[in-house]
């Protein structure tokens, strides 16, 4: 057991427990907090994978902005406990088995993935990773990058139009 | 004397409006009948010769054993004429109701609420006649002379 | 034990964490004392006076008071979140300090050369922003979980305020990053060493080319830490106490400490990004500057000694005597040839930090408070465009110069 | 205890916020029920009476002289104004004239309390808007005025220094010099407040255009004092109906046209300076020697010397202090310009030794009525500014 | 020494994705349903980063994570705006009540 492996298991456990808590909590704000926990744990895992920049972005954008938005909306709508309604019979009886089956299947295929089976984090990429990322983003992927900025703008305007009360 | 001119104007306008004129220490008081109060007030506010647009105060006085028991004093001020005038209305003890002056002077709102609260005079046509100083569930009208000053209610 | 021996960095880091946490907690307490004294001076008062000489033990007394006060939880509160919020606020406030370097990498601990500062991360600046961006939760959750109207409004206000000022805060430092070409604090400071080529007496600090960026940064930082004139989330005279209205006892103290920790963090950042971090403002050839910390402390000690002898009586005299001797001893120690180079970095760093903290208090003593909509207008319609323009111009200049 | 609060507009998306009675910026125990849409005030209802002490009723069971001490408790920031107004009213009923020296001293002291009151106002208003330093500066100067009042009357706040027919005591020697010293240092201090506030961008943004009150509305709502003059109406009782020799003093009545919080602020600051001017003139006018009480046997207590030396003096002294005096039947309404506006005392006498009815026309009470007019449609932060500039004292509102 | 098999990350990613699907199916609050989507996106991101690490080389995987995060942010903004509108129109956050295509 080396330190990175211990760290991995600790934060993987935190992520899974957080995800479970998100499912089982009834108050939306508690669910949101659990999800934030998952995201922070994931950020640490990214660090273990050597993706510092992605870890920082994960926290800044996901935990620091998107989830703030969620919390903000929950506060604004003063969302209380979920009401228990009859969910569809199918989901009720087959939901859990199907979900677990899906998970197991995914795990199986992930383990059989040709790339994942033999590699470890020891594989070290040459060069400065953040510099490489920026080169990729602003050279090879410049067009998609610009498209996403337009997407953001559209989302911004769309959110504004949707949330604005009709006067 | 300018004050006499107000009275003269009032008399010219409606001879029956002025019931009585009192003068004490340079203060002129015009006693008006309850029915005429609103008309007189409107005249005093609107007539260019008087222009009592500023209502300083409304005071209710309880003359307990004497009838008519209540006196309402409206202290008026004319900023243009630099003059004060007191309108007085006498109300019977068993019928302490006066027309509300809020339409004429918006300032009367709280003054009338206070008179209602502490003296139990009701104002007809008041937009929001609730107790103002005393708690909402208070019984009795503390400033009346027959209100016990000591002991428990 | 073997595990520990295998990971000496772990042990050294733990030691550093403990030492820094202790120093930071003390500093937080004494920043309140500092603030009260300075504000009192501005307002022609004396400030804390009776607990200890010059009120020096006042922070201690406050701490004890906070610990022993009744801890009230509103019955309608969401207990879990209600308890979580102050912990979140304080831990996030303290966590950022871990990334701040207080001096160059010179000390040896357990045979490991290490830096004054806990972590040296290659994307240090980015991680500081990552942690501060989480800071909203403490305030927002506190406001929401109290289940009371004033805290809710304070919480909503502050979430909006902190999120919007974060944008201009981040944008205003991008100029510096563009100039230095790095996000690492050590490299950022190294970039600022030396002096300008033509104006030899001016240190090569980023504040000179990035003055607009600095102003934007510092204004946003004041807003981000919810201080006057942007203290709307806790606007005392409107929202009673804003998001922490319902908090009492130590939970309240935690919010208080978090606020001061945030103040220290953003001041540290300003020091590192714009004022050359631990670098001294004087050129290196002036070797006498090495004596400044020691001589300064000794002079301060002498002043204190004079005060002790002339103005103090009784127990205050003893307390001050202890402080005086401490100052003199440390000052003398700073003159030892082995210690002298080590204290240079922290000395200049702390001096600059203190300057920023003083500025914070100064604004608090001078300015009225913005109204909420004016604050938002200011953030979005003035600060953001200005910092964006600063960014664009800087990028252009950097591009032209690098060509 | 749940308090049901009606929402006047009944809109679904609004929130009702109880501002007060325990709130840092309601200046006491005012409770304003605000209906908010977001942070915008849809309706505001002031609820008062938390400090109701029944002073008017209490006055009816006191003798005329005893009632003076009650008037101190009305507007506790300017107690001497209340004393003065009540004494003037009773003097009117009695039809007695106060010696000139006493009149000038009255003017001087009431103007000092006006300065003190306005200083407290500037300070509290500033701290409401977040500028805390002005508050402490204001209290620094007020402290000096309090010391002067203590020197003259033995009390800092509830002085009860004015008595029917004159003053309570001969002021101590050297007090005028002290007032003069205060006046010498005072203008520099006022300049300090103005430095901090008058041209401050944030201050302007917080007060300019906020809480507009048109002159017509102001008159209709009976608003008086600086709140009225901020709307451009130059009504000042000291000029319109001079009392206590105010006609002999040369001063201006500051008037501003804008009718917003800033205009009211400017009015009050200018008024501080005008008051200082009046005080300076009063110092020059007050004769060194002369009676401080009028002579009216059976009504005004004789001087100490007379009480000790003549039998009539002793008898009058005993009678006045045990059973009081009985003015003729009649009722008067006496108004003065208190720091907050037209302060009126209606005193009715039935010929007995106790006032039959005392009614206080409290300027704060009337001015507070205008609050909903000022704040509806604005933000919560503006409510604070508007409560600040209406300058209410709850002791006077609730009586 | 400092090696973690990449497959660990992949398994974790699969588990998180499965939990996200379950949350999506079982949660009835419209906001928590959005959160379930975020969880699934996060799981996918983890897989991206892990694969990227396994490949070494240029960090195309990171670029995709970057894009996913951006799209998730946009989605959250629009989605929450829709949630607010739904709540204003239906007075309920329950997703079962939002069964009409037209209000």
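Letters A, B, C, D and E mark the chains in the order given here, with residues in each chain numbered from 1 onward.
What we mean here is this: a contact is a pair of C-beta atoms (placed from the backbone, for glycine too) under 8 Å apart; a residue touches a chain by one contact, two chains touch by 3 or more.
Because the structure is predicted, anything quoted here is derived from the model rather than measured.
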Compute the shortest path length in steps from chain A to chain E over the network of touching chains.
-> 1
Neighbour overlap between chain A and chain D returns C
Sorted by contact pairs, first entry is A-E
Taking all protein C-alpha atoms shown, work out their mean, then name the chain whose own C-alpha mean is nearest to it.
-> C
Please flag the chain sitting at the greatest distance from chain C, going by CA centroids.
-> B
With centres defined as the mean of Cα atoms, the chain at greatest distance from chain A is chain B
Measure off the straight-line distance from the CA centroid of chain B to the CA centroid of chain D, and report it in whole Å.
-> 25
Chain C-chain D separation of Cα centroids, rounded to whole Å = 46
What is the distance in Å between the mean C-alpha positions of chain B and chain C?
-> 65
From the C-alpha centre of chain A to that of chain B, how far is it in Å?
-> 73
Expected list for chain A, residues touching two or more other chains, is 3, 53, 65, 74, 76
Touching two or more other chains - residue numbers and ranges from chain B = none
Have a look at which chains touch which and call the overall pattern line, ring, star, complete or other.
-> line
Which pairs of chains touch one another in this structure?
-> A-C, A-E, B-D, C-D
Partner chain D, residues of chain C touching it in the complex = 39, 42-45, 149-150, 153, 228-229, 231-232, 235-240, 364-374
Write out the stretch or stretches of chain D touching chain C in their complex.
-> 15, 17-18, 23-25, 39, 126-133, 136-137, 140, 196-197, 200, 202-203, 205-206, 379-384
Chain A-touching residues of chain E, taken from the complex the two chains share | 1-23, 25-29, 31-32, 34-36, 38-39, 42, 45-47, 49-60, 62-63, 65-67, 69-78, 80-85, 87-88, 93-94, 96
For chain A, which residues are in contact with chain C within the complex?
-> 3, 27, 29-30, 33, 36, 43, 52-53, 55-56, 59-60, 63-65, 68, 71-72, 74-76, 130
Of chain D, residues touching chain B in the complex | 48-49, 52, 54, 56-57, 61, 92-93, 95, 217, 219-223, 233, 235, 240-241, 330-333, 335, 342, 344, 346, 348, 356-357, 359, 361, 365-366, 368-369, 398-399
